[in-house]
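In what comes next, chain A is part of two complexes: it sits with chain B in the first one and with chain C in the second one.
Moving on, here comes the complex of A and B:
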């Protein structure tokens, strides 16, 4: 299964039960979203994968934990990394855009920093909305999308804020 | 002192924009140069790769420990961390040897020096260029007020002491660009770009210790793991999932 072409629910469970020493043992073969991993184990369980249908694959957070009933959580490290990267890119991009907006509108001093925090909050809300407000399958915790990397875009924001402000108001 | 200085439009055209454009272009150039230089002499070291793979195996074992029966987990753990021939066990004397050897290895030292130089030289050159050509006048106005202590830092070429601290010289514009364009580079150059100097320095300082210390760390974390076999609970979990499905 090609990594870049997943778009639909893929849950193909093939069960074959046979008897071993009096107990029946089921073997399940399950395709995990994003990567093909053969999980054959001696347990009876249905894993239901909710895959995210997406047009633009690279900008969409991908499922990281593949268990619906979450006493045991298995993390797909590559998906986790991808999600973290997406958060970082979104924050950087929004802080640049926010800087340009603050400069054009002529905010100075504290008002500008309030604009920065507002923009970061909008980014967090946007990411949460994209993840369907059920954050746990995609990220480690709520903290990761709300608080993590909050101040990372500050320098870019200030740079573009200064740039736009000088352009428009002192030009 | 909140009067508004009227600044020449030509400053915008000929100072701010060219400086930013030049820094972006130099960053892109440095990225491509480092990519070209890196790919020519990269012979992967088999010993390091072996150690890396062992660490990955131990990590997988740790992550999926609850899916295998207790006895097999324990036997795997002993295979990794027992004293005579465990894969993760590195006697103390040997650990330090590997570290010293890494630093005196001529290839590695050359590599690190090259990376260092490729970082430092463009910055130094650009800074000298800025100082030579763009000094002695007010270049930009920062939109937020700063205290008087920043005056000496930000208004280097300007010799008037009554000008508002918000009006800065082009040197501070250079520094502002230096830090602010990192985000932009990470967007346009993809993840792994050589322009993030602080990250690179952290990586380089941790590089020499990486193999032997990570083995010890992996062994410790493997020893900590409490095994709790997940099979007895699976019927309840299956029941819960089915209930959710049906209802």
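Moving on, here comes the complex of A and C:
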């Protein structure tokens, strides 16, 4: 699929495609041989009137440029990890607290799991509120906030639910 | 860190007091030979208050969210990674259109 015949460029054709603003944008990763640095291109379409006039060697027809905004290709990975860690801690702690509450209230069977999902939903709303209800400066997508760790605290919930139920109702 | 931690401890204390009240309520029910259908309403209120306090602590104690965009104010200085083979630089060269049609002369 690589149209140019630059000998020193390797095109990675299995690059990931992202959805930006409803359209798919293919990102090509071009490894420049010899300099050992990673350069990622923004878009494949270049404006016809900007490039064609100054070039005399290219006769390949180009597509019109789309108005998809350029996606930022690099994120601060350390901060992404920090945010994911915060969400994990919050969800784990709230699973434990939800377990204790379900045990004290004396729920058995499926109603306890309803308590778990309720507590996790409230925690998701709380995390979204902490991020200011806007996904962008802190996360990549809404899935990371709302859905990602949803079932992670289930086992801790069941453990503390059993503890609390035994402690309050049996012993 | 300090205030959130205290709020969390307070929430856990509320929950343990609610558990203790429920234990006492159950022993009372054993005396009157009634069935346990649910804790009394003040225990439920206490549980809700404990849940709210613990929720507050769970959201404030682990730390603040940090911005992941490379151009935000606190991310300007980038540390070089220890692996020198792959370095990612965030410079203004990305503003130039990539000439994928360039040929080696």
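Assume the second predicted complex is superposed on the first by the 98 of 171 C-alpha atoms of A that agree within 3 Å, B and C clash if a C-alpha of one lies under 4 Å from a C-alpha of the other, contacts with A are read in each partner's own complex, and residues count from 1 in each chain.
As a working rule, a contact is a pair of C-beta atoms (placed from the backbone, for glycine too) under 8 Å apart; a residue touches a chain by one contact, two chains touch by 3 or more.
This is a predicted model, so every value here is computed, not measured.
*Asks:* In the superposed arrangement, which partner chain does A:116 touch: chain B (first), chain C (second), both, or neither?
*Replies:* It touches nothing on chain B or chain C.
*Asks:* Count the residues of chain A touched by chain B and by chain C, then name the partner with the higher count.
*Replies:* Counted on chain A, the partner with more touching residues turns out to be C.
*Asks:* For A:163, is the partner it touches chain B (first), chain C (second), both, or none of the two (neither)?
*Replies:* first
*Asks:* Who does A:89 touch here: chain B (first), chain C (second), both, or neither?
*Replies:* A:89 contacts both chain B and chain C.
*Asks:* First (chain B), second (chain C), both or neither: which does A:75 touch?
*Replies:* It touches chain B and chain C both.
*Asks:* Does the superposition put A:138 against chain B (first), chain C (second), both, or neither?
*Replies:* The answer is second: A:138 touches chain C but not chain B.
*Asks:* Show which residues of chain A both chain B and chain C reach, each in its own complex.
*Replies:* Common interface on chain A, chain B vs chain C: 41-42, 44, 46-47, 72, 74-75, 85, 89, 93, 167.
*Asks:* How about chain B: which of its residues touch chain A in the complex?
*Replies:* That would be residues 7, 9, 12, 16, 20, 63-64, 66-67, 140-145, 176-177, 179-184, 186-187, 191, 230-231, 233-235, 237-238, 240-242, 244-245 of chain B.
*Asks:* Which bits of chain C are touching chain A when the two form their complex?
*Replies:* Residues 11, 15, 18-19, 22-23, 26, 36, 38-39, 43-44, 47, 50-51, 54-55, 57-59, 61-63, 65-72, 75, 84-90, 94, 97-104 of chain C touch chain A in their complex.
*Asks:* In their complex, what parts of chain A are in touch with chain B?
*Replies:* Touching chain B: residues 41-48, 68-69, 71-72, 74-75, 85, 88-89, 92-93, 95-96, 102-103, 107-110, 112-113, 152-153, 155-156, 158-163, 165-167, 170-171 of chain A.
*Asks:* For a test of understanding, state which residues of chain A touch chain C in their complex under the given definition.
*Replies:* Residue positions touching the partner: 3-8, 36-38, 41-42, 44, 46-47, 50-51, 55, 57-58, 60, 70, 72, 74-76, 79-80, 82-83, 85-86, 89-90, 93-94, 97-98, 100-101, 104-106, 119, 122-123, 126-127, 129-131, 136-140, 164, 167-169.
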